[in-house]
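Chain IDs A, B and C follow the sequence of writing; residue 1 opens each chain.
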Amino acid sequence: GYGRTGVIYVEDRAGNESQIATRVRLNIDGSVSTDQGVDFGARVRLQWDQGDDALESGSPAYVYVTSNGLTVSVGNVSTAYDDAGLLYATELGAFDRSVGGNSLGGFYAFESKSYGGENDRVGVAVSYSVDDLTVRASYIDPDQSGLNEVAYGTDEEFGISVDYTWNERLELSAAYVQSGLGFDGNDQFFVGARYAVLDNARIGLNYIDNGDFVDTAQNPNGPVAGQDLGNTVALYGDYTLADGLTNIEAYIANNDGDWASKETDNAFGIGVNYDLGGARLGASLQRNYDEKVTADLGVRFDF
Amino acid sequence: GYGRTGVIYVEDRAGNESQIATRVRLNIDGSVSTDQGVDFGARVRLQWDQGDDALESGSPAYVYVTSNGLTVSVGNVSTAYDDAGLLYATELGAFDRSVGGNSLGGFYAFESKSYGGENDRVGVAVSYSVDDLTVRASYIDPDQSGLNEVAYGTDEEFGISVDYTWNERLELSAAYVQSGLGFDGNDQFFVGARYAVLDNARIGLNYIDNGDFVDTAQNPNGPVAGQDLGNTVALYGDYTLADGLTNIEAYIANNDGDWASKETDNAFGIGVNYDLGGARLGASLQRNYDEKVTADLGVRFDF
Amino acid sequence: GYGRTGVIYVEDRAGNESQIATRVRLNIDGSVSTDQGVDFGARVRLQWDQGDDALESGSPAYVYVTSNGLTVSVGNVSTAYDDAGLLYATELGAFDRSVGGNSLGGFYAFESKSYGGENDRVGVAVSYSVDDLTVRASYIDPDQSGLNEVAYGTDEEFGISVDYTWNERLELSAAYVQSGLGFDGNDQFFVGARYAVLDNARIGLNYIDNGDFVDTAQNPNGPVAGQDLGNTVALYGDYTLADGLTNIEAYIANNDGDWASKETDNAFGIGVNYDLGGARLGASLQRNYDEKVTADLGVRFDF
């Protein structure tokens, strides 16, 4: 798991624009290796975020079996689309935020807290890694019982993704999801590439078809249901200074969608991370499609 | 703890008859040994089952002290009746299910999730093991405060059980519980024996007086309050194939009770488990007293 | 964490005067050391108390960084006033209870369960230790968002405390808190000293200005809002018998406040703890300001 804390400023946020934001995430795993060299395991997550009254619940669990690069998971699984290697590559700073470059579309992912009433949801995921190639597929049924169709859509979501690294220089990533969040027709895709132009500099380009249905939980200040999410193109890169510890990163993203609060087609951000060797200090300054500025400064450590 | 997952088919279940069922159970223990060689410890359990929105709560806790084979527990304790060695010996497959051979009666056991409003419940349990003999006694007060008599009965439940193994061949088990689940007059008893007729084959016989009050949480498709639970006799056995890994198991049970959905006095099942060395694959096919068929196929691993 | 269990008697308590009381506390920490020798960490707590339906939630979390004796914490932090070294020095027995010598005033502390609606609370704490000196400061904002002022007061609480040990014989402790629990004007202070008159005997004196606002959660049978909490003076001591394992402890406290149920200005108690080497048996007998007697007998172990 990890811990992180710091201050986030959001322009025109109701109440105080600058607030402390802390998250602690604990992954609890149990696992066993069989005599045949097959690993079986289970995971739940305990996560507290600033604004939660308590560590109100652990996550739903998933169970997995791994052998020779092939992993099959059942339960509250990670999904193929969400796991695509470069989908979140524009994120900046200690909080890993990107207000312009991330997908706006709604799709399932590992649920860190609660299904929230969608308690008959079940997922199955498969991933396979060999050398520089990873292939994933996932299937989520929002209600396997047929009796509890309370939230999101009622279709089954199916997703695939592929990551490939060529010669340790070029990363390629692609993903597709059908009926994201269980909504019929909410199909999305993503392609991305990042190339190490120097040993200490990389540049990348992402293209995201955001589909039809926004995940408002992930995008509280963006579009709402029924508005045009458009497609997003993002150019991004990062550069490590000669100290080998300071990493500068930036993106510029263009979205051709149309929603009520949208003021511009261009969002951008710049960030920096300083490696403390086990922890990192980070900061970012970004402007979103509503022409609102956000900034953050914090520290993150993994354990 | 353990993890398990697979598919369970239940004939005529509302909604989909076949559903994925996953459980992850994590026992969290803290313990310390004193200089005198006495062990003190505490346990809580985190358990998620398919159909739960989240890992909604950890269990109430218990505290124990152990020395020279004697263990005393206080709090959310395991009960003597529930711990009887052969009470669940007819269970089959990776999910350890027995729709005909298990007790229908209501009695207290360690609560894996929440007391559900019965929050002034308290238990004390004692167990003593020496050589091949184990003796247990437990006492549960549903409401020690005298002010919170909300659920089940309000009497105190008292239970005892004894297990004895003779010559590593013959297992004997007996148990008695008075005022099960706190209901006055809801007395139950159990006697069972299992004999290893061969090194790789065992045969057993159980007799259960189910008392007067069904635990509907444990028996969702069976009798309801006020119906005659009868007594249950179960004949069961298991056989390990020459590979030493495949174990075939079966039971046939007779119940002379009478409830609305009951169609027959006989239930039966057959199962198989294959040992993966740290995990096991299992399957079962069973028919209950309502003449409904159920089947399951899954994997379970302990960690 | 720790576990403890036993029986507590409270004179004239509604329902049964004697009840079993069990607590299990589990602290879950994650931490990492950076290459520069700085430690980053995070903590959540899982705690179950007798009377809780389940381990209903984990605590809100805090994140800390430590280096060279300086610790900075953010989130659900321990507060300077609550951490003052001798503030709880009159507590007796295995349950560490003091019905006369503890503060009656309301102030923030680490929250073991839930903020209870005050979910935009945030704290920052600093402590610094060098040789025999520890200095602490803490700041709690009950609602950093400016939008969620639901519980307690809405002011920011600020506290400081200092502990100093002289020559391993004399302990000095002082603390001050402004706007305790966020109530304007609810200022409190504490000074205490304890001296080791012999190698196996100590005697101490505490003075507490309880402020204006009682923490009724901590003092269920004492004063209520709007009543005069007065100031508390407590004389206390402890003596270890020649076996080196048995510790006798006692206090007498005087409070000049005035509240409805108060019958006397003097409360007192005597207790004993027997060291089991990793666990301890303890008992106490006390009388509070309402002239009610309470007694307890239990065991506690730390792990």
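To be clear about the criterion, contacts are C-beta pairs under 8 Å (C-beta built on N, C-alpha and C of every residue); 3 or more make two chains touch, one makes a residue touch a chain.
Remember, predicted model here, so these are calculated numbers, not experimental data.
Please classify the inter-chain touch graph. Allowed labels: line, ring, star, complete, other.
Its topology is that of a complete graph.
Cα superposition of subunit B onto subunit C: how big is the rotation, rounded to the nearest 5°?
Angle of the fitting rotation, subunit B to subunit C: 120 degrees.
Can you check how far apart subunit A and subunit C are, centre to centre, with Cα atoms defining each centre and the answer in Å?
Using C-alpha averages as centres, the distance is 42 Å.
Send over the residues of subunit A in touch with two or more other chains.
Those would be 57.
Of all residues in subunit C, which touch subunit A in the complex?
Within the complex, subunit C contacts subunit A at residues 28, 30-36, 38, 40-44, 57-63, 65, 74-75, 111, 113-120, 122, 124, 144-147.
Using the touch definition from the top, list the residues of subunit B that touch subunit A in their complex.
Within the complex, subunit B contacts subunit A at residues 1-5, 14-16, 19-20, 22, 24, 26, 46, 48, 50-57, 276-279, 299, 301-303.
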